Amino acid sequence: MSMANAIERFVPDGATVALGTALEPLIPFAAGHELIRQSRRDLELVGPISDALFDQLIGAGCVRQVTAAWVGNVSEGLGHCYRRAAEEGVPRSIAIHDHTNFSIALALWAAAWNAPYIPTRTLLGSDILNTNPHLERDGDVVRVHAVRPDVAIVHVQRCDEHGHAHAWGPLGITEEAGLAAGRVIISCEELAESAPLLKHPNRILFPETKVVAVVHAPGGAHPSPVQGYFNRDHAFFRDYAAASRTREGFEAWLKRWVLDVPDRSAYLARIDTEALRIRE
Amino acid sequence: MSMANAIERFVPDGATVALGTALEPLIPFAAGHELIRQSRRDLELVGPISDALFDQLIGAGCVRQVTAAWVGNVSEGLGHCYRRAAEEGVPRSIAIHDHTNFSIALALWAAAWNAPYIPTRTLLGSDILNTNPHLERDGDVVRVHAVRPDVAIVHVQRCDEHGHAHAWGPLGITEEAGLAAGRVIISCEELAESAPLLKHPNRILFPETKVVAVVHAPGGAHPSPVQGYFNRDHAFFRDYAAASRTREGFEAWLKRWVLDVPDRSAYLARIDTEALRIRE
Amino acid sequence: MSDFTPQELMVAVASREIRDGDLVFVGMRLPILAYAVARNSHAPTARGLFEVGLMRDQPASGFLGTMGDPPNVAGALWATRMSNAMALMAQGEVDLGFIGGAEVDRFGNLNTSYVGDPKKPEVKLPGSGGGADIAILSRRWVTLMTHERRRLVEKVSFITSPGYGDGTPSWRKRNGLPGGGPVAIITTLAVLRFPDGGGEAYLDSVHPGHTVDEVRANTGWDLRLAEHVSETSAPSNAELAAIKRFDPDGFWTRTQS
Amino acid sequence: MSDFTPQELMVAVASREIRDGDLVFVGMRLPILAYAVARNSHAPTARGLFEVGLMRDQPASGFLGTMGDPPNVAGALWATRMSNAMALMAQGEVDLGFIGGAEVDRFGNLNTSYVGDPKKPEVKLPGSGGGADIAILSRRWVTLMTHERRRLVEKVSFITSPGYGDGTPSWRKRNGLPGGGPVAIITTLAVLRFPDGGGEAYLDSVHPGHTVDEVRANTGWDLRLAEHVSETSAPSNAELAAIKRFDPDGFWTRTQS
């Protein structure tokens, strides 16, 4: 399935979408950019940290709410679009449900198991309790209420057309996000035959019953790293940070790297992917 | 480390021990038999289902309490030693904390995350709620209180001497049992070099900080199956069920297969392991 | 009649409960065969979920003594933790579950824990395993059992896996049970079913060679009858062939009582 | 003096906080280098736990822009889910954590969320990440920060990652926080420490080339002094060599402000 098709069919306006679930690696930038190109609106983004992708979606006006532990640019610091939205309502105001990394994982496990919440001692003493209504003090614990994404979008190394994915490297909250989600969209470096993947059923990431779309999107995580395939493009993150410092700079960046780009191959044609490729 | 050594050093009388965490496969019978030979007493056994090993430990008088979803003989039915202990206090009476398969998993995840409990809708309407004080009705959910084993004993396919284990096939509650436990003892089919294991860090079962002993125990899960190595010895389970129907029969079985057997190699010398071996 | 054993008939009947496309939480023993039979006939896109931590489409090609046997892993679509399999069921994604029962009552409640006082039981049964989870969380479920008065009882002394509780309307809903409850009790003599929305079991069909009177005499309560009690359809040749393929030595269907 | 940058000194000081055998929850940026330096000198059996879902012994052999970069995975002892790494910390198995801070106050509370009213913030900071988890759950922790009056403030307006709260005795215990709290604030000018059992930060050492007055002038509260304020030990040649090895282009220690 094409990315355009997958996004069009399975991510409606208003959807709650988990993205960037492996933290710094395997961020589905290709899918995120397609959400922007299709002018998706009123999304709720769910994730742990998000290395620049949430910032881009917010800047593009796609986002109604952020439910996350951290939004910015990991090697550079602040997320400038996130700041503008939160501070000035530009391009629109957003609701923010702050989490910690641990609490967003627990919120997704709660949803995966259909538990209303999971109690924890993390968050005790933090003012995050005062700003996120889904984190509730209960005696000597905090109830972390379930967060159930409508869809989780996950980039992996290998997948067959039925959704049997192998991913490796640190996986953050990928497993619980996929299980908690109503459905999963997978983008992959390699679209593989089923047999070699099923030979190692322990490495299959999700049950095929959750996966609604598999998109062959090599380089689809750029500029984030993909274990075994690509290193992180630190300079690209640095350039994005510099460009997005102003609203005008962001808009120019978005035009150049997303809006005027028909699809991922056109994007990749502008990147020296060979310099980033991991050779083992 | 020898199994005798590992059990002697790391499983004291009175310990709470998780065993048989992968359900039917990978049951650490060699470790269990060593517990019996060393006359360990007052153990609390923790597990999901337990295919005959719990029954043997109970019959040998090692057990004070069972915290499990099911105790018997999977292909044959009832656990006769379990019945005698529960019904007649023979060889001693035992406390029983009934669980479901799901709830024992949640109890271990709660312990792993140091959460006091995890709320769930399973168990609603079941009388198990009335007999296990660690399952507590709370409005429209049940609080499954944390179960923290002192030690988890796990049989795996491959492990290095530092505790980096690869296990495959269905794993039941193995991961959460090991994370919840204070320490982990691993018995393995193959004691392997570190490098090939660490080449796939995603497949490492536990952090090395949890593992206190690694025992090379090929065939240590017999008569339970080991993916890639041994099929299940159905006849052995059948013979055990028949023998253990009476107390005398069980004692004769125990003498023959455990007490009069110095170690696992002597035990295996009596089994046609070649007939069970998986050749791929 | 003597072309098939009661177990073979039970497997065939159980397999017919599986609808094409179902995600089936496959229990131990006969349901493993029922899944294999259904997958090879009328339910070619069903999937099996095994609590040990497996999802499959094709049934295992070798004999299974337990769901955790190596042939059940070969070709699996997912080998994982039990709690992940339970997650799907907790989300309502399991269409049909199978539970083995030691005792069942007229409202479909199962006891697999204690006969007599739990503090001093007459019989200590193995316990729930995943039974209570299936009973509470799956969309619909079926139990298989030897038909004896001591097993089909007026009221189980201990509810391990709840059916429709005390049989009052909406008992499951009032008690917060998310799943739909039992739809059939498949025994060695007959098939009992439940009315839509649950309640008390009734006799729906009697296996070939048996009679309504015989069934009622072996049931521990005054068994209601369907308006038209039919004869259970015998296993077809195709069903018997499939059973033979997956239980070649009759471990489950020829040697069990 | 000009042989090293403030960042190199901070890394060296941070690395000395790591004790041999520690399980270290390694934060982003300078702590990644601090772990590498410590592991190569006085803490050869320390282990690093990274919230992205990694455990390591040897530091990564290549440059890391983030903890999730491929060189940090090569040779890892465990690649797993974040919640598994958090599990170890929740159990009290993490000896030392590092947290980056935007603002800190005299009681070691960190704000990385909002400057001003959270409903209409003057500055929206990125948020907790794992910071609050480390602050609450690790046995002891350290923060690193540029030393400016606007960062070291009398009272943070929003506590993202709690230190010693309002500074009253046993504040953490009374509020149920399992971990021990902050032990040091390492800045571009100085090292602040906390009394045993927690409370208010005091100036323990001033970096070479700086003065107590300068530190106090750049601190947003009336900073207490240790009985003997010492000079922070400069990075040794070995420490500088290690830093150079793990940050060859000075990405973290030469080009940052």
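Which chain is which? They are A, B, C and D, in the order written, and residues in each are numbered from 1.
In this text, a contact is a pair of C-beta atoms (placed from the backbone, for glycine too) under 8 Å apart; a residue touches a chain by one contact, two chains touch by 3 or more.
Just so it is clear, the model here is predicted, and its values are computed rather than measured.
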Steps in the shortest chain-to-chain touch route ending at chain D and beginning at chain C = 2
Check B-C against B-D and say which one is joined by more contacting C-beta pairs.
-> B-C
Taking each chain's centre as the mean position of its Cα atoms, how many Å separate chain B from chain C?
-> 27
Could you give the separation in Å between the centres of chain A and chain B, each centre being the mean of its C-alpha atoms?
-> 39
Return the residues of chain C touching two or more other chains; collapse runs of consecutive numbers into ranges.
-> 54, 73, 79-80, 83, 86, 90, 178
Where chain A touches two or more other chains at once, the residues are 106, 109, 113-115, 120-121, 141, 168-169, 171, 175, 202
Using the contact definition from the top, classify how the chains connect: line, ring, star, complete or other.
-> other
Full set of chain pairs in contact is A-B, A-C, A-D, B-C, B-D
Considering the complex alone, what residue numbers of chain A touch chain B?
-> 106, 109, 113-121, 141, 168-169, 171, 200, 202-203
In their complex, what parts of chain C are in touch with chain A?
-> 23, 47, 49, 54-55, 73, 75-80, 83-84, 86-88, 90-93, 178
Note: in the complex, chain C contacts chain B through residues 28, 50-54, 65-70, 73, 79-83, 86, 89-90, 113-114, 118, 120-133, 135-137, 158-162, 165, 171-172, 175-178, 251
For the chain B and chain C complex, residues of the former touching the latter | 22-25, 48-49, 51, 68-72, 74-75, 77-79, 82-83, 85-87, 96, 98-103, 105-106, 109, 120-128, 130-131, 140-141, 168-176, 224-225, 227-228, 231-232, 234, 237, 278
Within their complex, chain B touches chain D through residues 112-115, 164, 175, 179, 198, 201-202, 204, 206-209
